């Protein structure tokens, strides 16, 4: 089971300080990295507590099994250091509040969780989802609430998550395919780490898609196009599933352009940056990210998280790159969606 | 009254009267009468007042209700969640008037003629198939499609030509189809919208039974009004057959090369019939047909598709004419709109629209400059 | 009375006159909460000459006459309080001239906001007018008659400030031209450099004359338009935020809304900022300046820009905003009513607290919506409550809440916008006596028989 505890001793002996040295938003050297993390763990103040943009990446950068991001989050919460403006946090907390407006399809053993992302109902169609649909759930009642890590509010996650687990439990499902890294991460690792029992098997939808595509191999017509992948912050909650991006692209004949901001070096879509920190940092990150996609000849930008797509979709389109969700890309590969005028190379 | 729980929810904001882009008022009765009472919001407020005994069942109230062309422009543009039921509410109020026996003479006569003679033309039912004389159109005996004509196509001289025109194309294409001829009965769409729910149910059940007995599984209708009754209301009564409009079948036949075309040079504008377009969402099939004819230049009226202005014949007005004529009648406005496009032909795909717009052309003295033709008639002119 | 009906029919045609119960019922009321009063006739004129004939008839017979656009003020201003003739102006809806280079449009007195918008988009894509958020049927003339506001109000003031000429039919039946059009064929100014006589009519609700033609100023229409929403949970900070935003001069329109539903809006003040540009570059430049203007509040965590979901944008960018009308059916009851005083922006905190307090006390669904007028010179604060038309008790509660607001507003130094007859009386009572006397003199001279929308702006 994942433990989210933090061992300051590991930092003191850390040869790299990767957690902060590799951070794309803070300028920290190896020595300073160790110092700041130790300070934070000892409950002292650190500029990191003010300036961390909550991209989750340090969780992945740290190869020594520590959990720098969860430490930062817990300390921020203890000290009342806000990440986002109060009104923004309130808005997000409001959005996730159960309203009794959830939707439940024809529930079977295996169910697809759309979390709180209604836009997906239009996408999860066709042969790829034949095994699952119409066994689905949607609504705040099934929303993992992990997004509140961005607002340094794990208390609300701990408060709401058990109720969400209960909702799943009442459906009596055995396996749940999650459409978002945060949801998957919530049930695969976070909940157990918080000591909550998860009465079903959590499956990441990338893994599901990969398996389905293998089943439907005969139908795949390689797309022969170049794409950039916008890796979301929350993918750092389940780095072990990241390989499916390449696996899927290989199956469907998409070449991932080898750009600077990919894999471990992925940049935030800038959505959370504008919410919390204003124009300049958001604009700078977005501009660098887009320029990187253009420079490496991406024809498509493949999205995983709908929030990233909301933030960047129109922007990439302006640069002549077609925004597309991973699901739609896969459906395109089996002939269910047309490429809309984008010529394969 | 059915839908009574909705009538107080209208804010009378008036979005219902417009086209989507506010280019013009698009409620046929409001365009003609210009009192708010003849707009959808006016009707909603008056129906409520009537149910609350604040106004009585006057002749004017009947005129206000029965002049509605049920064109569904209001359904398209109302901003509230109950929008889909606007026409249903007006029909429900008519039903209440019918059940109380207080209706305009023209409505009464229409319903009486159907009740007694089976059609509004006071013609023998045995003559329903007369339009086929001189053609080799066969009676239905298990062919793939049942071609359903309806009262207008069976008896009205203008509409009979359209029935023959479609029939001819079906024959040419080798489509497997047959008609009911003298055994055909009224579809009841206008009976329904004029508020005679009981008579409609009788007609519908009789037709459903007949279609079932003769084994009709696919029905193609000449008239979008029949299409509407079959698709929506017959289904509610347990009908399971598939229904198509003739333009859908013709478009398919052209696509599969079954109707060989040469060319026909003409500037054409298409008028969307309300019961094909707004009521049943079929906008593309007739356009696809026109665009497939070499030489046809398809010109758009400013108000088209979901924003098309009704010809004025809907809601029973084709027979009752309660909406009436005059220069602000929708039919006359519509042909002036068509003239503005520079077209020579107003293409339609509904026998009722054809007749209404023909009459409007005459009233506007435009017969020298414009011609109203069914899409099928244009196709016939373009046959190779 | 039969003679009058006949005379009216002679004036405008039989089809466009009614004394029937259906029209009497409908035209006795507006969608708001004021008590109905039936007219004796409804007339739908088609020309200025017809209006002149009708007004002369009304004057001869001493019959009240009430001009009406779409009747969307909601405060009963088109209810014929003393019966008489309601003149439904909407048949006179022609657009007579658009002067592209001088940027004005001359339209008939019943032309709707929707018509003009659509006409400009089609024929003059580089021009726009200041569209209010009342439904598209609302007329240009009626909107300036009540000093309405629109999308360009933060930049150019009340919509009535954008009038550039009027043609009015006086109570005598005479036609009178106001502005440059009185001495020139061109309709570019409503007064200056001569004495501005438009004030004799604007804001009078037809009590001094009937607008039969109106010219309004048009403004550049940029190719692109976007919106950002700044959130704060602290109403005390809103006036300073507005001061910073208006200083940028980058914003087209500023609306501030607060509402409890849907949940995404609960508990925050939303400053909606609309801005325009002809290029991506121009739009981005403005966005940047707008964001930077509020940087200190983001740093202090007192506010931030929300991420607007793409599906929400069309609703926000809609002109007019249909969602404003939809508010009427929040309680599945087809009604809303609001009091919209014009007041200093610095009073925002008090107004924002008041609406929440009243909504709780009277158990009402509410929406607070402020629109900034000029560069923060004032604002309209709309205290809006939605009600169920079939629930008379809820309607009574709404009336009571609105009455409290009237008192509250006067005390706070605000003035009523499109006041009900009761509010007109309250305002006249509080008014400087010499001003009141001047109003009385104007009314007495322009409407000696008291037939023009009687009951409104009557000084005792």
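Think of it as A, B and C in the order they're written, each chain with its own count starting at 1.
Please note the rule applied: a contact is a pair of C-beta atoms (placed from the backbone, for glycine too) under 8 Å apart; a residue touches a chain by one contact, two chains touch by 3 or more.
Predicted model, so just to flag it, every value in this text is computed and none were measured.
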Arrangement of touching chains [line / ring / star / complete / other]: line
Chain closest to the middle, measuring from C-alpha centroids that were averaged per chain: C
Centroid-based (C-alpha) most distant chain relative to chain A: B
Chain centre separation in whole Å, for chain C relative to chain B (CA means): 40
Inter-chain centre distance, chain A versus chain C - centres from mean C-alpha coordinates, in Å: 47
CA centroid of chain A to CA centroid of chain B, Å: 53
Where chain C touches two or more other chains, by residue: none
Touching residues on chain C, where the partner in the complex is chain B: 15-16, 18, 20-23, 25-27, 31, 42, 44, 70-72, 88, 90-91, 112-115, 117-119, 121-122, 135-137, 322, 325-326, 328-329, 332-336, 388-390
Residues of chain A that touch chain C when the two form their complex: 82, 84-88, 90-91, 94-95, 97, 99, 119, 271, 274-279, 283, 307, 310-311, 313-314, 318
In the complex with chain C, residue positions of chain B that touch it: 8-15, 17-18, 21-24, 33-37, 42, 45-46, 49, 54-56, 58, 60-61, 64, 79-82
List of chain C residues in touch with chain A within their complex: 231-233, 263-269, 280, 287-288, 291-292, 295, 297-299, 301-307, 309-311
